[in-house]
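Here come two complexes built around chain A, the first alongside chain B, the second alongside chain C.
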Partner chain A sequence: MKEVAAVFQKEWRAEVRSRHGLFTAGLFSVLAVVAMSFAGYGLRPSGSLAAGMLCVTLLFSAILALPRTFLIEDEQGTFDLLRLIGEPGPVFVGKTLYNIVQMLVTGALLGTVFLALSGVEVRSGPLLVAGLGLQCVALAAAVSLCGALVIGASNRWVLAGAVAMPLLLPQVFLGVGALRVALGEGMSAGGWQSVAGLAGFAVAALASGPLIASAVWREE
Partner chain B sequence: MKRLANPYLFGAVVVATIVSFALPDADSFRVPSLARIIFWHLPCAFLTTGLVFLAAWFGLRYLGSRDTRWDIRGAAALELGALFGALTMVTGILFSKVQWGEWWQNDPRQTSFLMVLLILAAGLSLRAGLSDEKKAASAGAGYALFSLIPNFFLMFVFPRLPQVRQRSFHPSETIQTGGFDGAYWTGILVVFACLAWVTFIVYRLRVEAGELTVRAEFADGNREADRGSAAPDRMVRPVPVPPGGGD
Partner chain C sequence: MLAVRDLGRKFGPRWVLRHIEFSLEPGEVLVVRGRNGAGKSTLLRLLAGLLSPSEGTVALPPGPLRTAVGYAALDLALYPGLTAREHLQFSATMRQIEDSGDVLLGQVGLANAADRPVGQFSSGMRARLKLALALQASPPVLLLDEPTASLDEEGRAIVDTLVDRQRDRGVVVLATNDPHDCRQATGVLQLE
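Now for the complex of A and B:
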């Protein structure tokens, strides 16, 4: 646990100093929402459409911002040092936890700005919070692993996105299933079923990610 | 290639072709004679599913042992899985056009299988993107293992969700509920047996080619070492030399 906390603290300090990851993800999210509301000026999207737009923006925000925590170590040449100092598993967990926090902040910001600008009414607050929160956790866990896998590739930034995208599509589907109900369409039971699916994905990704990442890193 | 020119295999393919044309038309379809597309579509989907699981299993074995043989087997399973996934898509699109009237209907089942194909393509892309063979092997193994979670969801859970079943033209419970009659099962199983045979031969050839490549590289490295001109295992970068030499 000490190593995990140390890696998390390191990431947090680096973020406080450079304000790069959160700032980029936040700016991208706000810009994407403003662009969408500008494109649909005067129109109020239906619950399904609003949920789809919100989830896709969240997906691109995750792909854009999250692999950075791993790839920046590779670019700065500090990845080997990090692995010498800590065990691969705790290093991965620490970075993934930081990514989850970053994604939750981004999700909260994105959701607030989106609801304010689109004028969509919220029918179920708890479902919205649960759906958005669990999707952020599931996205962060999966993108973190993809970021860890592409370390060493020449086109790692593009590859991380390309490799992560198809793995995240089922989570986007479940996220849309939960948020569309929260935003006024469909049956409540279906929304909570999607939340349960998202929770399953998040748990599976969080449980398998550290094992796979540490097995992959150990050999190199 | 000699193994593919096997007379027994040729005979089996001929039998499969005759059986699929000899079976009666499926009258419940819009174009009954072309319902035979499923004789190829279903076996390709079964093989893709099997190969996806096989690639994950080989990935697990590789990460546990670091034995290159498992990596070669995993790569072969992934490549063949992508090939049969593409064949499933092609036959599915043809079936959709003939029986349902559109090449692409945005059917949830079509879309979910496209996602499986994209995951397989991403796995190939990850392997191709890493020039270091060991890194490519371990990252490819990790990806094959992790992608089992979304693949399992897309292949087994997603098609059975109530909201998907309501909207999809694609039947999901035909096999479990005994929707195929005996004659159609015969056709599907005969074609499946032929395709599985061909897949096994191609898989063995791919594995042997991979193992030969590894052996050739190893022998090449040994020859270089014997000549005393072995290539260094680390990259040599130029360093700036101060004016007047570096002494």
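Now for the complex of A and C:
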């Protein structure tokens, strides 16, 4: 547990001093939402369209900011140091927890700005919070898993894109499924079913991550 | 304490190292020499567990690798945003040992720079911090790759002292072509 906290603290210190991840994700999110609102000025998007816009913006924010948590270790050459002093499991969990916090902050900022600018009516607040929150968690877990899988590979950025596709697409669909109901379209049961799917996805990614990291990181 | 049997490593179809054999007992210092590209750094990375062998075995003292082996190399990077003290504290927590890092920072001459971000360090100061990190868990096996390459006279003297101390608790493997580093050698492995 102490090791997980140490990794989380290291990531937090690096973020506070560089302000790279949150700044990148936050700036992108706000810019994207402002641009969409400008393009659709005077129009109120349907629940499905609004949910799609929100989920896609969230997805791109995650892809922009989160892989850095893992791949930066390889880029700056510190992955060796990490392997020398730590065990893969706690490193994965610490970094993923940090990614989750970063994604939740980004999601809260994005959701607030989006709702304020788009004029979309919220039908179910709890479903919106649960859907948006769990999509942030699932995205952070999936992108972390992706980073853990490709770290150390010579063509890691290309590989990251290829690995991310099957991991991210299902949860984007689930996210849209939950948020479209929260924003006024479809049946409530379907929305909560999508939330359950997102939770299952997040749990699976979080549970398998340490095992995958242990298997992959010891070999080079 | 450290036994290497028929060790080999290839990258793609090309063998970088083959048929390496040696064993070291406590107090021994092995100097690994050879031209650039002979495989000195690869050998140390194999011993540190950062590379897996293509053939052969490395037998290390029992216990987790992170406390059994200390490794410092020129190409080992540090976190530019963390201070020297934060590096040692992070490393101690990850290795599950109690150490504030103050003693080690004093030993390598970084006590006055303990709270400066490593991004502001010179290459020699970074080399000293890597040495401190390698020695932190008092490992029985110490692996040093070109340890004095970026150090001044004072830094070289520190390495000499620390290598000498290490002989009391274990073994040292030094990859170098610098005659200065060979003075404490009890054996030499020449790589072709």
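Assume the second predicted complex is superposed on the first by the 209 of 220 C-alpha atoms of A that agree within 3 Å, B and C clash if a C-alpha of one lies under 4 Å from a C-alpha of the other, contacts with A are read in each partner's own complex, and residues count from 1 in each chain.
The working rule: a contact is a pair of C-beta atoms (placed from the backbone, for glycine too) under 8 Å apart; a residue touches a chain by one contact, two chains touch by 3 or more.
Keep in mind that what you see is a predicted model, and the values were worked out from it rather than measured.
Q: Answer with first, second, both or neither: which of chain B and chain C does A:Arg19 touch in the superposed model?
A: neither
Q: Regarding the shared-chain residue A:Arg44, is it in contact with chain B (first), chain C (second), both, or neither?
A: After superposition on chain A, A:Arg44 lies in contact with neither partner.
Q: Count the residues of chain A touched by chain B and by chain C, then name the partner with the higher count.
A: B
Q: Tell me which partner A:Val163 touches in the superposition: chain B (first), chain C (second), both or neither.
A: Only chain B is touched by A:Val163; chain C is not.
Q: Mind working out whether A:Gln76 is in touch with chain B, chain C, both or neither, as first, second, both or neither?
A: second
Q: Which parts of chain A are touched by chain B and by chain C alike?
A: Comparing the two interfaces on chain A, one with chain B and one with chain C, the shared residues are 219-220.
Q: In the complex formed with chain C, which residues of chain A make contact?
A: 2-3, 5-7, 9-10, 13-14, 17-18, 76-78, 80-81, 83-87, 90, 218-220
Q: Touching chain A in the complex: which residues of chain B?
A: Checking each residue of chain B against chain A gives 63-64, 66, 115, 118-119, 121-123, 125-126, 129-132, 134-135, 138-139, 141-143, 145-147, 149-150, 153-154, 157-158, 162-163.
Q: Can you check the complex and tell me which residues of chain C touch chain A?
A: So the residues of chain C touching chain A come out as 48-52, 65-66, 69, 71, 75-82, 86, 90-91, 93-96, 117, 133.
Q: For chain A, which residues are in contact with chain B within the complex?
A: These residues of chain A touch chain B: 142, 145-146, 149-156, 159, 162-163, 165-167, 169-171, 173, 177, 190, 197, 201, 204-205, 208-209, 212-213, 215-216, 219-220.
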